[in-house]
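One chain, subunit A, appears in both complexes that follow, with subunit B as partner in the first and subunit C in the second.
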Partner chain A sequence: MEEELSVASRAVAVGGRRKPERLPGEARRIGYLYVAPAFILYAAFNLFPLVQGVNISFYNWDGISPGTWVGLANYREFFTDPAIRSTYLHVLELMFFYTFMPIVIGLFLAVVLSRIRIRGLTFFRMLLFLPLVITDVVTAVAWTWVYGTRPAGPLNTMLEAVGLGHFIPSAGWLGDFNTALPAVGVFGMWGGFGFSLILFLAGVMKIPASLYEAARVDGANALREFLAVTLPGLRYELQVVVVLSVIGTLGTFDEIYVLTAGGPGTATSVPAYQIWNRMFNTGQVGSAAALGLVLMLIVFAVTFAINRAMERGGED
Partner chain B sequence: MRQRVRFLRRVSVLAIIATFTLTAMSCTPGTTTHEASAPPAPASTGVTETGPLTLTIWDQESGQVSRIWDELNKEFEQKYPNVTINRVNRDFGELKTLLKLAISGPNAPDVVEANQGWPDMGQLVKAGLLLPLDNYAKAYGWYDRVSENVLAVSSWTPDGKQFGTGSLFGYTTMGEIVGVYYNKAILEKLGLTLPTSFGEFEQDLAVAKQAGEVPIQFGNADGFPGIHEFAVIQDQMAPESYLTDLIFGLQGNQLSFDTPENIQAATTLQDCVNKGYFTPGFGGGGYDDAVNNFAKGEGLFMITGNWIVANLGADNPDFGFFVMPPMEAGGPPVSTGGAGFPLAIAASSEHPDAAAAYIDWMTSDHASEMLVKAGQIPLSTGSATSSATPGTVLSDVLNTAAAVTASNGIVPYEDWATPTFYNTLTASIQELMGMRITPQEFVSKVEEDYSEFQSSRA
Partner chain C sequence: MNTAPRRQIAFNYFLLILCSAVAIYPLVGIGLASLYPRGPASSPSGFSLPPTFGWHNYVDAWTQGKFSGYFKVSTIVAAVMVPASVVLSILGGYAFATMRFRGAKVIFWLFILGLIIPTEATIVPLYYDVRAMGLIDTYWALILLEVSGEVSFGIYWMRAAFMSAPRSLLEAARIDGASSWRTLWGILVPFARPAILTLSVLTFADSWNEFFLALVFTVNHMTAPAGLASFQGRYTTDIALVSAGAMIVALPIVIVFIFFQRDFMRGMLTGAVKG
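Moving on to the complex of A and B:
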């Protein structure tokens, strides 16, 4: 603190010689110049398309011939089209696998890995984190093989070996209307828990050992210790994991594209897949733009709500 | 002074944001495309340019047909040494997704294989991205080489509002037909003969099922095969003229998909699923796997198009092919099919004459003779159909196609009917065959898509 002060006062002294009226830390115009390269790129590749997207969303446009102005019709469709509603229901179901389960598994493993001392812990950590590092498309292709029916993939071979073969749906896990979405969910869960695990592991190490000692002195058992010390200590990590995984779930696309293409029927269609399909396949670009903007607003709203809820929860 | 500077700065920042926003918002999307201008009449034939030029071709051929294309391309380059062919080969789904983007952007391909119907060619014509071929057709004599029907499925009014009439936008001399392949050994083993009515076909299925054979080899994970299973049944139940008018959209909202015949066809299809007539677990099986399994001898029948002849082996005598038999024995044969993928010229092509010469080359009798060996059906009047050895699967396919064409029994592909029909049909048929919806719900769902599009045209 003292050192910071002295640095600041020196800055005043140095700056004071030339421009006495400028306080240290006050914005200087030259700052814009530093920001400009990044901002220009951001404006050209993010802001400009965003505004264009808003424009397109008011048109009925097939992507190539002149569009016709339809006002808010594309947005009204969001509330009236049952196909769109079902995509959001699918995302809700996926959240169980993409958000809830990775947190549970991540917490469990973080607690276990932080308490036990085994040789080669770093290796196991790396192993658990690996699914997250490999591109989704690559792992998804591998999982089509895992789920495969003809020839039977590892999953079915294993189930048959332990006498549970009759549980395998005849159309395969990804072809059956009831199991396709959970099958995609299990894939996402497998890919997602490494992320929460790493954050939680780092968080657990940050919790002072004295808190655990105090809990033990007070006679807390392992569960009590987890609820009273570990969980509150991981609040910020938890917030990050929830926000990022919820955003990730809302934007799910890769694994649907590779594993099921939204099928069978529309059983695994999700908002981002629906947007892509309308944009590139069925020539409903205006509708795709509107749905994309609505999805963006939903992501904003959900993120904001989660952050508010978790920050308020922490104040108690 | 300081206040004023700050105020001015704020105004200028707002002005920049406003200009930025207005630039992005001001234009109606898609208005930068131009109307396609027809080549002058009479069009010249052959490659007129003498300098070196590159023709970029986008196609979706695969397997043996694709290899024949490579040979034909090489021969074309030899014929016109100043021409280099840059072939871009995509699969069917990829081409569907990428073609509109590619052809509307800079460096567009010169010649493209565009699927007929409202979803693909219709949208390209409406956007003025394809060249009307009438003058080339006159110069090369294309009109006289194939029947009216073949020309109609690639014809549009230049504004893209009417299908089946107007200018010619694509040309092919190869045809397609969807029908029933059968495994001769299994048929013989079960003591069956070829069915002559739809009822007999169903009886054969029952016998095969009883004997523990897979009655119909099928995999529907890809979605499109389901359209063919449904279509060949529907072709026997709904009048052919109704189907053609429905798909071309000739009567607008006057026609509905919600008809007793279509419900009957959907009910029959579900019935076949319930009785276990399709490969177990077909919902998760891929199309290519199904073809391979059928070729390996699994399954009495397989319902698909002539394009798998090369997979089975054109000269293979172990398989046969027939068109789905009519409801009443002796009725005229009707099936889905028609012209194959037509070749079209991009409006932005800088070498339209060379592109037209290329199309003429790929649709010549010489090309047909080579392509027929891969199971392609030659439609041009000049090419011989007798080149196949009798008793082979290829000769069955060619004879069947000739018989159906002769009696005007070809029904266009159903997924051409609206821009979104391919998606609607594939998803709804998966749901129908997965017992998720009833036949009535199925036709209502499809009708919703159909009537929405017809209303938007009116």
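Moving on to the complex of A and C:
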């Protein structure tokens, strides 16, 4: 899901935190030689295409015949085309499942579990981590089966067994306009809660016991204790989870492709899927390029805003 | 006094077992489904063992389902991509950790920027670039693109690892008059071996799990996840066979994860937490 927590975004939450320290060591020109191989590749396949993308985004181009210059029309679409707007609304709804719910579940469990030393934590951690480690395509295939209608998967089998079969949508959970997006969301929640739980659990254990004792001396109840000690103590872990899961949700693609292909209709279409679809299926290459750049700018802005907000919150 | 903690302990283990069960249930479920007889009539509901145990679905997926081919592509790409990416990251991280040169800061932050540039932002021009190079549907397309995407994190990671090396190590090398190349491979790389192992494991996982690039750039030479996605599209109702394919794709990562669990955790948790 990630969320997919791709390696690429793993360090982002840290990026803004540390002041870039003065680089150590001697002044050595040979440094360029060491950096060059990686930088040439990186520039050729990441930085240079960005510039090319800006150029393509000014054209109405189907990828085959010569394009026509349309200026900013592809960007204007972002505000006028409801299909594009809906992809971002879908992402917002998914964030409830991909970001908010794993945080709530993770916080609750971390608080409860941290009170007692757990034997075999390594083993449980391994199980909780499996959904994250295995590729989204495999886990999404597994969930296609969980939600399955023909043949009935475990979810429907269970609902029918307890007499709730009438709740099952006739088009299936992933085929119904109302349930498809939440169904994708539940998949993402499943993929994300292990990460936040383990991260929070490790964080809670690092909070000095003296802080809790002090709170208790002051007569704080469990809720006050949570708000005054636990939550501030987990500020950094929270920042990591929020940044990574929000970036991951904005870039969601794999599970949409496997679970719903953006459907039914465009009920589960997300920005990345829209870009792929416009590029390869509907021949709107210029528009796809523009949407890709807009997505990047939104990711930049959101990452910056979250990091700023959470750092400022911490200074109070 | 004694019963409350005991009840609490029981409750805690209950919660942990419940969470773990939720986490692995869908995966165990398709594991069981993969052993069911083939065909739309067979219906693995996830709450019972298969009527007969058989590996025939794996054989079918491997041969008819072309998973042997997908597996080969993923293996070759990872075998070239992981060492290349790790070596480039070591070289770059070394320079940023121990040397000062004009523009170093800017170049480093350009790499960091790569951590949040979504692939979708560059995919359109990349497709035409790769096509112009005649590399569509080749190993090279995936290898080059994956390495270029991975060095951002790799350099960030190796720089941090080398910066944690004690100053005295570098001083000693300098007094001995060791060249920068010898200092790196003779002193710093052995020192940073755990960090390098972690980076290699994470890089392998990323390469094996890569889907989007494979979807865009390959046609016949699909990687394991891309092969699975197209396979699922063709055999939607044959749950048993698709599940066997999914297990084949997941297996290498699960094995690596079991063996290098600590590296995974450290990379995904510490890597995210500690700069």
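The rule we apply is simple: the second predicted complex is superposed on the first by the 285 of 316 C-alpha atoms of A that agree within 3 Å, B and C clash if a C-alpha of one lies under 4 Å from a C-alpha of the other, contacts with A are read in each partner's own complex, and residues count from 1 in each chain.
Keep in mind that, in the parts below, a contact is a pair of C-beta atoms (placed from the backbone, for glycine too) under 8 Å apart; a residue touches a chain by one contact, two chains touch by 3 or more.
If you're wondering where the values come from, they're calculated on a predicted model, not measured in any experiment.
Q: Now for A:Q52: first (subunit B), second (subunit C), both, or neither, which partner does it touch?
A: Both subunit B and subunit C are touched by A:Q52.
Q: Of the two partner chains, subunit B (first) and subunit C (second), which one does A:A301 touch, if any: first, second, both, or neither?
A: neither
Q: What is the contact status of A:V112 with respect to subunit B (first) and subunit C (second): first, second, both, or neither?
A: In the superposed model, A:V112 contacts subunit C only, not subunit B.
Q: Just subunit B (first), just subunit C (second), both, or neither: which does A:D62 touch?
A: In the superposition, A:D62 touches subunit B alone.
Q: Applying the touch criterion given at the start, work out whether A:L244 contacts subunit B, subunit C, both or neither, answering first, second, both or neither.
A: Only subunit C is touched by A:L244; subunit B is not.
Q: So, A:L128: does it touch subunit B (first), subunit C (second), both, or neither?
A: second
Q: Looking at A:T266, would you say it contacts subunit B, subunit C, both, or neither? Reply first, second, both or neither.
A: After superposing on A, A:T266 lies in contact with subunit B but is clear of subunit C.
Q: Which partner does A:S170 reach: the first (subunit B), the second (subunit C), both, or neither?
A: The answer is first: A:S170 touches subunit B but not subunit C.
Q: Quick one: is A:V285 in contact with subunit B, with subunit C, with both, or with neither? Answer first, second, both or neither.
A: Both partners.
Q: Between subunit B and subunit C, pick out the one touching the greater number of residues of subunit A.
A: C
Q: Of all the subunit A residues, which ones make contact with subunit B and with subunit C?
A: 47, 52, 56, 150, 280, 285.
Q: Hey, which residues of subunit B end up touching subunit A in the complex?
A: Residue list for subunit B touching subunit A: 20-21, 24-25, 27-31, 33, 96-97, 100-101, 104, 119, 123-124, 126-129, 160, 221, 223, 280-285, 289, 419-420, 422-423, 426-428, 430-431, 434, 436, 456.
Q: In the complex formed with subunit C, which residues of subunit A make contact?
A: These residues of subunit A touch subunit C: 5-15, 17-18, 20, 23-32, 34-35, 37-39, 41-42, 44-47, 49-50, 52-53, 56, 109, 112-113, 115-116, 118, 122, 124-139, 141-146, 148, 150-154, 157-158, 190, 193-195, 197-199, 202, 236-237, 240, 244, 247, 250-251, 253-254, 257-258, 271-272, 275-276, 279-280, 285, 288-289, 291-293, 295-296, 299-300, 303.
Q: Quick check on the complex: what are the subunit C residues that touch subunit A?
A: 5, 8-9, 11-13, 15-17, 19-20, 22-27, 29-30, 33, 40, 42-47, 88-89, 91-92, 94-101, 104-105, 107-112, 114-129, 144-145, 147-157, 163, 170, 180, 202-203, 205-206, 208-209, 211-212, 215-216, 225-226, 228-229, 232, 237, 239, 242-243, 245-246, 249-250, 253-254, 257-258, 261, 264-265, 267-269, 271-275
Q: How about subunit A: which of its residues touch subunit B in the complex?
A: Against subunit B, the touching part of subunit A is residues 43, 47-48, 51-52, 54-56, 59-67, 69, 149-150, 169-177, 261-266, 277, 280-286.
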